[in-house]
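Okay, structure first, notes after.
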């Protein structure tokens, strides 16, 4: 088995809550990403999916941070690296794009300036060469007339174009891993599909590994090789996308799938998951999903189920199917 | 009144400190005749330029007058001008703002243009010039003889009004166009009911914020104008005139003459600023009451 | 864009003319007509009428104003009835003095105000942050002219480091000039240092929380560049405030000049008042008003120029 590009082991992330005191939002997460592999991380708000990746990038501010575990990227523990080393890695080896393209671009600077700044931060090239690289990046994300577009300001772009520009910024230095944190959530449905396709295409062209974070299992399943399902700060299921689609084992994953109404199937009442998302400070000692789980036994809430692998498909459940 | 309770709970320690200082000074001003140990106008040449001691806590000035008493009475001038100007400005400005927002059309344009015009006037320069033109003597108005301070209150009040007009106009415009107001109107509420019931209460918080901060500015304006001799006229005590009188003492060493009036002004202004900031944090952390400069 | 700027300038000029009219009305309506002042209290009605006709004071009000305005655009502020001196040259003598004090104060306020604000924003909750907040409250509350008096006492009288008053123009030597304007400008600047520091800190703190700053960090930009990215967005409201402050400073400079015995526009203005020289007063106040109006205009235009969205829309 080839060495994983990114290995997350026992990652714990906490943040200071508004009421004082530390709240642990990611409570021991394990997964890995192989070179060139596309992994989707799926979960609802508060499941810890975004926080985990922000912790991997060491982008959390003063009030939050990784409190335990290891993050090995290409043999190096990122949690132990110093800020200078992280700055060298960010944007060059690992790149991240975020949810809201509107606010993620600096409104006072041109797109070209922002991309060339990233290029020149990591490569010792002249301004002219950096502009050429930036224009090339814009072309590769499907923005035509890239040369002229470099002089444009973000407000002159549409939402979809802005997200493309951000992706261009992310891949300009040919990173090995692209983390996309809900890149389509703030966009129109038609544009969503375009961005997802774009990421898939870039992955093929550049051999990128991709981590695609979303709350939408269906969206993610279109382009990823594996799916990691998170709930309540823990990984509850981790397997190849076909297995997750065909035969999900964890009750939560099954319910997620069932929530999506079928266009072709019989008409019937919509499926919803009972209950409300977990409150981070009030999680049960055992399985975090147990309060809402239709298959739960009394004992499920008392002891944390371990993540057990079975032919490349892991589940953390006391009573999987 | 529940918003008042929320307000009181929301004030942090600096707000309470400011409120405390302001309250103290207002009380001192009101009860000056009762608290002051001496008559602020009483000359006592034997005791002149006495350093602070048990009989004169803050010392005496060139005429032997007790500094503490003069400061207590001086609070009256500063506060009455500061608060008076703000009240005047608020009445004029709020009326103008509501009128403009409500009437709309030509009236709105005219009023807001005038507001812009008044806002373009450099306050201190014009205050000095106009008092200079009119003279510092008392102003005969009908049967009354109004002292110079009244001129300053009216002048500064007029020049303060654009702040209130703009704030009120912005809020009132927003509310007058709101759907629920239109609904009330259709239900038969009169203009007056809408203004007093919906528009004014919503304007109240930004107005209070601005008012508190402007009182601080008004106090410094009064002190400055009195300092150059165009404000409160001697022998009436004012912190500004006390500082002007104290200028010779810079060289001769009677430190209590410039220090205490200046501390009085600074303390009062700190009080109003702290209170104003706390009120702003409470009611309007961002928008209308942005940063007030003068 | 150009059309918008031209429109704003025209609007400001219009406001200035209108306000100038109010000023004209005020000075003309003050007690004591120029004729009486010059000719004395025993002047006969005939003498007064003659005088007024000779000086165009009997013409309709608006035409007097128009005539005066016309002269002003040629740099002619008239000749004083009281002193006989040319008003424009009196103003021209006093203006550079006041300008020196205000310009130096403005420079101090910009450098220290923005500097302190930036440093405080970069380390929120730190010692510098807390100290600067505390100092800001003090700076906003201590009246400038009292600060001036205190500075004179300490620096000039007690320590003898600086002259206690008076003014040395640049021609007397840079060192002497700076020594004479240091305390006045510093007293004037303190309030605005506090104002600008508070605004800068609040603005920068807010922009540092912006998503685009997170993007900049995520792309590996150096911390200096990240701060720059935030500053570019944080500074426009600060610059706006600074432009407004420049206008306000001229007013307070009048009082400061009196504290330090500086022969600037305040002396000219107060002399004009005591001598009832309304033509001089009119000229000085008009000048101050023009400065204030154009400072406000500058603030407005800067706001528009610095925002690419507004630049494009205009």
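Which chain is which? They are A, B and C, in the order written, and residues in each are numbered from 1.
Everything that follows uses one rule, which is that a contact is a pair of C-beta atoms (placed from the backbone, for glycine too) under 8 Å apart; a residue touches a chain by one contact, two chains touch by 3 or more.
Just so you know, these numbers come straight off a predicted model, no measurement behind them.
K.L.:
Going by C-alpha centroids, which chain is farthest from subunit C? Tell me that one.
P.N.:
Following the centroid criterion, the farthest chain would be A.
K.L.:
I need the chain pair with the most C-beta contacts, please.
P.N.:
Looking at every pair of chains, the most contacts join B-C.
K.L.:
How far is the middle of subunit A from the middle of subunit B, if each middle is the mean of its Cα atoms, in Å?
P.N.:
For subunit A versus subunit B, the centre distance works out to 56 Å.
K.L.:
Report the inter-centroid distance (CA atoms only) between subunit B and subunit C in whole Å.
P.N.:
Computed value for the inter-centroid distance: 22 Å.
K.L.:
Using the touch rule from the top, collect the residues of subunit C that touch subunit B in their complex.
P.N.:
Residue list for subunit C touching subunit B: 12, 15-16, 18-19, 22-23, 26-27, 30-31, 137-138, 140-143, 145-146, 149-150, 152-153, 157, 164, 192, 195, 198-199, 241, 244-245, 247-248, 250-252, 254-255, 258-259, 266, 269-270, 272-273, 278, 281, 284-285, 288-289, 291-293, 296.
K.L.:
Quick one: in the complex, what on subunit C touches subunit A?
P.N.:
210-212, 214-222, 225, 229, 232-233, 306-309, 312
K.L.:
Which positions of subunit B touch subunit C when the two form their complex?
P.N.:
116-117, 119-126, 128-130, 132-135, 216, 220, 223-224, 227-228, 230, 243, 246-247, 250-251, 255, 258-259, 261-262, 265-267, 269-270, 273-274, 291, 293-294
K.L.:
Under the touch definition given earlier, write down the residues of subunit A that touch subunit C in their complex.
P.N.:
57, 59, 86-92, 95-96, 98, 100, 103-109, 117-118, 121-122, 153, 155-156, 166, 169-170
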